[in-house]
Amino acid sequence: MSETHAQTVAYVRDSMLPPQPPPMRSSGAVLWLRANLFSGPVNILLTLIGLGILWLIFDTLWPWLSHSVWNAGSIRECRQIVSETYGPEANGACFAVIRARWHQFVLGFYPQEFYWRPILAFGLLFLALAPLLFGASVRARRIVLAIATVLTVLSAAMLDTGLAVLAGMTALMLAWSALIDARPGRALLASLLYPFAGVWLLWGGSLWGPVMVLAGFGVGLAVWRVAARFGMLAVAAGAAAAALWWWLVSAPLAGLLAGAVPLRLVPVTSDQFGGFVLSITIGIAGIALSLPIGIVLALARRSDMPVVKMLAVMFIEFIRGVPLIALLFVASLLLNYFLPPGTSFDIVLRVIIMVTLFSAAYVAEVIRGGLAALPRGQYEAADALGLDYWKAQRLIILPQALKISIPGIVSTFIGMFKDTTLVVFVGLFDPLKAMSDTVRASFEWKGAYWEPYFFVGAIFFVLCFGMSRYSMHLERRLKRGNR
Amino acid sequence: MQPLTAETRQADETAIDIVKLNKWYGTFHVLRDIDLHVSRGERIVIAGPSGSGKSTLIRCINRLEEHQTGKIVVDGTELTHDLKNIDKVRSEVGMVFQHFNLFPHLTILENCTLAPIWVRKIPRREAEETAMHFLEKVRIPDQARKYPGQLSGGQQQRVAIARALCMRPRIMLFDEPTSALDPEMIKEVLDTMIELAEEGMTMLCVTHEMGFAQAVAHRVIFMDQGQIVEQNTPTEFFNNPKSERTKLFLSQILGH
Amino acid sequence: MQPLTAETRQADETAIDIVKLNKWYGTFHVLRDIDLHVSRGERIVIAGPSGSGKSTLIRCINRLEEHQTGKIVVDGTELTHDLKNIDKVRSEVGMVFQHFNLFPHLTILENCTLAPIWVRKIPRREAEETAMHFLEKVRIPDQARKYPGQLSGGQQQRVAIARALCMRPRIMLFDEPTSALDPEMIKEVLDTMIELAEEGMTMLCVTHEMGFAQAVAHRVIFMDQGQIVEQNTPTEFFNNPKSERTKLFLSQILGH
Amino acid sequence: AEGDTLNEVKTRGVLNCGVNTGLVGFAAPDANGNWSGFDVAFCKALAAAVLGDGEKVKYVPLTGQTRFTALSSGEVDILARNSTWTFQRDTDLKLDFIGVNYYDGQGFMVRKDQRVTSAKELNGASICIQTGTTTELNLADYFKANNMEYRPVNIDSNAEGEQQYLARACDAYTTDVSGLAATRAAFADPENHIILPEIVSKEPLGPAVRHGDNNWGDIARWTLYALVAAEEYGVTSANIDELAKSSGNPEVQRLLGATDELGTMIGLDAAWAVRAIKAGGNYGEIFAKTIGEETPIGLARGLNAQWTQGGLLYAMPFR
Amino acid sequence: MVSYPGAESPPFRLSMLIYDRRYRSLTLQAVVFILAMLAASWFINNTLQNLAALGKTLSFDFLFRRAGYDIPQQLIPYNSDDTHLRAAVVGLLNTLLVSFLGCITATILGVLAGVLRLSSNWLIARLMTVYVEIFRNIPLLLWILLILAIFSEVLPPPNAYRGDTPEAGMILFETIAPTNRYTAIPSLGMTNSPGTLTFGRIGISWAFITYAVAFVAAVLAHRLIRARAQRVQDRTGIRPVTWWISLSIYLLPLLFLTWYFGLHLVPPALRGFNFADGINLDNSFVVLWLALTLYTGAFIAEITRAGILAVSKGQSEAAFALGLRPRRTMSLVVLPQALRVIVPPLISQYLNLTKNSSLAIAVGYMDLRGTLGGTTLNQTGREMECMVLMMAVYLVLCLGISSGMNLFNSGVRLKER
């Protein structure tokens, strides 16, 4: 074959060439500009348009922001200050309204002397979430814990919280952080206790109420453990035992215990909730409750039992086919009709139920995607090892599927959190519209349109953007695979 | 533990008994009147062209697939729709897949201890000891704390074998355990399998590794179109195939 | 068509001429002072460890990557920033990728006729005839109406070869065309390539299939760290490697 | 059913009172979430009568759209949210209006510089209107009857209406005259806006309860009358303790539970009316404190004066 | 069921209900079904009891009573004497209108932003990223309120156009007057009107019909020309230039009809309080439309970007290697594949937009929720009936859209082995 070229080709390099620096072409600011902004007529045009837009935004916003007034007692005073300082034509933001009323946007009508309670509740939330969300990197977790602790205590201190309470808060948060750092396994259990602690802090009342609810779960679990041999029957028995406990035992027992040891916080009713406390409460309750429901729905929808599947599909499609506003109106107008005569419960709770069902349907779809992404081999390997359906789901399938679905779940959560502003239409005081309207209804701040929107929008942006960045970070980490 | 009566001994000597097994996918007849008797300690290699039903047969034995007619008795337990029987059979039969199917979210050790702990209800400590024992056997004890994604294909397949062994099965099924591996890794896995064979484990193995078949199999079964076309000892099978199809097949796989 | 003057003959006999080619990715120097002259009809195999710049070299030849210094002349056309030159070169040079890169939304036939119709402006009827001709050559004319997703890997790679051939290129580049394939399918593809070689096509092929190199290559080029370390006829290269690196490399790939 | 609501309220210990989401003077929360206003005062009086403490009220803010459903579904015990008493609401919506606490009428507010002096000149105008209210229907009827056209600008709450009107997104703002006055009072330049003389509808505003629980209706109704009667007989929050002991007027004695125990007839105790009046004063005091001429709202008593003063307020006899 | 020769079934025992795979699934399903039915009947029973206690019955009679309220924007004739049903239909049409227009503009904006986000122009790419992030992370309600505030606070009232030296001037050659109530745009007038075709109270101008017919004919002709061009290309390899023929097919009849009917624009003019003659696009509508467009556009931009990125680099490289130019590569190779990735999430954005249009409540736009679920509900007190009806309509709408998506999906799914 190779006779024609044989003589010419033999070649051996005797010394390897060292790498050279690249020729001076790919660096320098001018070159960068040329390459990234002015690389052709279309690009030049686009750049000019972009600059124009930037200028437009700057030109409208900057004078307003730079002429802002932070110290004033009313909007009229604000305007006066602006026109005195910057001339009669000047237009300035009156952030004094935020300064005067920011606590109302954030904490609603929560009693002033108890401001530390919601703050502590949300601070603890980060401690509860840390082992779940930031478990992968010890450093990230420590940073989050430290920031959460410091911020919580700081903001509580700024709100005139008593020294004793402050010390208690600090001690609690430090102890919990230490637990997370030393015994991550235990910390996960502590995270499970969080919902009860959060509810107690926010609504107050006797500690025994939440404790009894928690005990119900314990009872159910114990019965299930004891009866575990009987498979599915054990689950039913556990559920029944828990239900009996809640129904019959818990209320009297709680009363009894409260009589003996009255661990009580002053109760705060839901109508005092408003602003971001309300949004965040609804949002977090919604996601925490919708996750398990979503998982069950997703499993049901992938089930090979037609009846179960059909019910799940009907539920999911119904919820997804109806606007959230309609569901909120159902919560406010109709839910009482569906319950036995005479029952009437808190509108916040009803809204939470609806929001939960709503996001459960979306979460279910996300998790279904995660389940579908798992290779069949995983199911088969679990089967071949003799794991039954629930064990296989719990140990093999769900951990993987949930991991894949986290980004989707987070974006569902972001959507839901944004949607909590819609509760204004059923008469709750959301931070956006209801609170702004309330603030504007007062004589001092009538006419302050832009500032509240600006403030509330900025908070929403920070929270949602933070969450979406976090989920992108997760996505990247997941793409890299298992370490 | 029971005294060996005639009957139990009979059952004891038979590992798998398949009688007139038929299976359809929809209307497609994949397995046709399969009769197969495997004694305890016997090692069988199943070969055949793609689509001939080898995997399906293997998967029927631990009920990853349901059969429609005929009878499969594994270790004295007949496979019916009864869940208890299925569970019993599955915990007696270990299976190694072509694509390993390790659980990527668990470490190697956890992969190996999962089923013993949750199915056999063995204490964790004990399960881990067993797992380390088998990991040593497949010569990767040092990888126990890693995740599957960090191992090479050959190592992963050896973990898969160890995982199956941890359930202390009486029968091992292999479905083309080496065909997804790079050539260098094939040898590692085959070595492990040969060692297992030497310990007297009952094995059914779908493979085209003829060297392996020659070395360890008691019997080679050749399947085509859902039927057993020929079976024989390895030497006879390779050197002296009877049926035309077998000859054709052998010429293809040995040719390349 | 032109009378062969000394110059055009010169150009005509040179398929590719690469002089002092240097390329950087950012500050990373991938190709260092590459000099390579390929005559018409010559068949060259490029080998080397992973990351040595083989793919980059191949991809510079049809300007999928831009080079920074040096000169590449393909079939008499120098590759500069001039779009016309690039178009010209690309329509003269066919390329087959490791992962086939067939267009999944088009049938096999459409994959093969797309470029002739839109680039060469050949009537559809005619393009289809050509396509069928080459599909026959790679022995899959019966799959013409299917979609890439419906074919096996080996078949897909053969389609990719046919697709490149439909542009009637004078030079074919192959970038590890068989390394994503299962062993059985490698042979199909190599057979097709050998056939091509026999017809006298100029070929540059990155591959580690040493059998193939021995059978068809005029020259084997060994690259490491972005440089051509050794080149020689296949026989010499395999039996009598000169440089230490080549020896090391050969011992690795032949060892397994 | 009969007697249920009273028992429920008593066991709950809190009165659920449906109020406006924010209408200064009638019902609005301040910066700390404390509610005050004309309607709120009635809630307080009722709570004082029933529960003994005017602060035991949970205010449920209701939009124009959710108010009646909230009442029928039992979410609130009483609706004190400036709602007009109409035939359809009383019958078809299964509500019971227990009386009128404010006689109102729908009017129009325009800015002075438009030089409109009569609603009849509003042909073709854009008019801001709150959806889900009777004003919406009245407006349609009025323009139809006068053969005029208009462009409705629908708004969801008074706050939004104010904003739209001030931004001149509508030429006129229509709602109950009291509401207009309250809104105008809050403007930076009230003098530049006028309320047109035409009153296009009768708007008797009053608290409402559910159909079917007559006893609860009675309690609410007579609490309202107690406030009105107290004004008529000169009983104020200041002199009530004294009068309860020493009033010579038998009607006052009955009212204040000194002689007949009227309270027990409606399931309360004798001092119910005393507590109700003490909670925020009599009708006149409440009016003066929340929306009267001394307040920024600056409403005159007008139709809402006692019948003895030429108004329409007329409490049924306590006997 | 297929029956298999020789398949025998063992005798039935009770324990098989739990331990036999086949029966176990049946048992479970029966249990679940019974539980579901029990729950449903419990709810229904409660509802009936509660309604009975209130003396209400379920009845849809109210739909045929006089509505009594006016609706600012109506696509079919409506006045306050019409029934609630008609009001609901007017509301539904308003929902459909804003959703439909919103979907179109959001798609245009979103695709543009998504493509520009991938642009090599650093500034534009950053700007688009900022746009996407800002709109995705702030509630839609805020955007609606903000845009509404901008419209009502910044734009001039109609009054400002009055007088010899008006404070505000119409834009675009004195034809469009944006005000803080509505945007007044010209309407169409005809000097030579061919009359109208009426169905009951809905009239359609014959001129409109003629235009529609001309347009459809032009589309058909255009298709024919394209097909012919394709045939020529198939035969000779060279595609004839046809754009000017197509253009004239569209334009010439249009111009002719316009001349024939004497069609012209009637600019809005200020009469009394408001602009008349032209068409006044209510701000409630424009604001909602704009907000939905901007908000959904941000999501669509992300989808577009992801779709384009999902087409592997190998695809465009293969096309380049075959000598295809970038533009052709985009249209022949990348876009057809990206579309398959883009369309399903795009449709679910359309669903979201449709559902989000119910936020019309914040601007007082009378959509389905504003009429049937708002004023009608309030005037009649029929919350149960109104809500059920309203949710049913939304459900039908959404299921319709998503079954359309499924059809598309199964149509374009890549063929696999």
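Each chain gets a letter, A, B, C, D and E, in the order it is written, and its residues are counted from 1.
Following the convention adopted for this analysis, a contact is a pair of C-beta atoms (placed from the backbone, for glycine too) under 8 Å apart; a residue touches a chain by one contact, two chains touch by 3 or more.
What you are looking at is a predicted structure, and each value in this text was computed from that prediction instead of being measured.
In terms of the stated touch criterion, the partners common to subunit B and subunit C are A, E, listed by label. Using the contact threshold fixed earlier, the set of chains in contact with both subunit D and subunit E is A. When every chain is represented by the mean of its C-alpha atoms, the one lying closest to the mean of all protein C-alpha atoms is A.
The two chains most heavily joined by C-beta contacts are A-E.
Averaging C-alpha coordinates per chain and comparing to subunit E, the farthest chain turns out to be B.
Among the remaining chains, D is positioned farthest from subunit C, on the basis of C-alpha centroids. Subunit B and subunit D, compared by their mean Cα positions, are separated by 83 Å.
Separating the CA-averaged centres of subunit A and subunit C is a span of 53 Å. Centre-to-centre spacing of subunit C and subunit E amounts to 50 Å, using the average Cα coordinate of each chain.
Distance from the subunit A centre to the subunit E centre is 30 Å, each centre being the mean of its Cα atoms. Listed for subunit B are no residues, as none touches two or more other chains. Within subunit E, contacts with two or more other chains are made by residues 50, 53, 149, 153, 361-362, 383. In subunit D, the residues that touch at least two other chains are 69, 73, 160, 163.
Of all residues in subunit A, those touching subunit E in their complex are 35-37, 39, 43, 46-47, 49-51, 53-54, 231-232, 304-308, 311, 317-318, 320-326, 329-330, 333-334, 336-341, 414, 418-419, 421-422, 424-425, 432-433, 449-450, 453, 456-457, 460-461, 464-465, 468. Taken together, the subunit C residues at the contact with subunit A in this complex read 22, 24, 26-29, 32-33, 39, 42, 68-69, 215-219, 224-236, 242-243. Residues of subunit E that touch subunit B in their complex: 2, 4-8, 10, 16, 19-24.
Residue ranges on subunit A touching subunit C, taken from their complex, read 1-2, 4-6, 9-13, 16-17, 19-23, 25-26. The touching residues of subunit E, when paired with subunit D in their complex, are 50, 53-56, 68-72, 80, 149, 152-153, 157, 159, 180-182, 271-274, 276, 280, 283-284, 361-362, 364-366, 370, 374-375, 377-381, 383.
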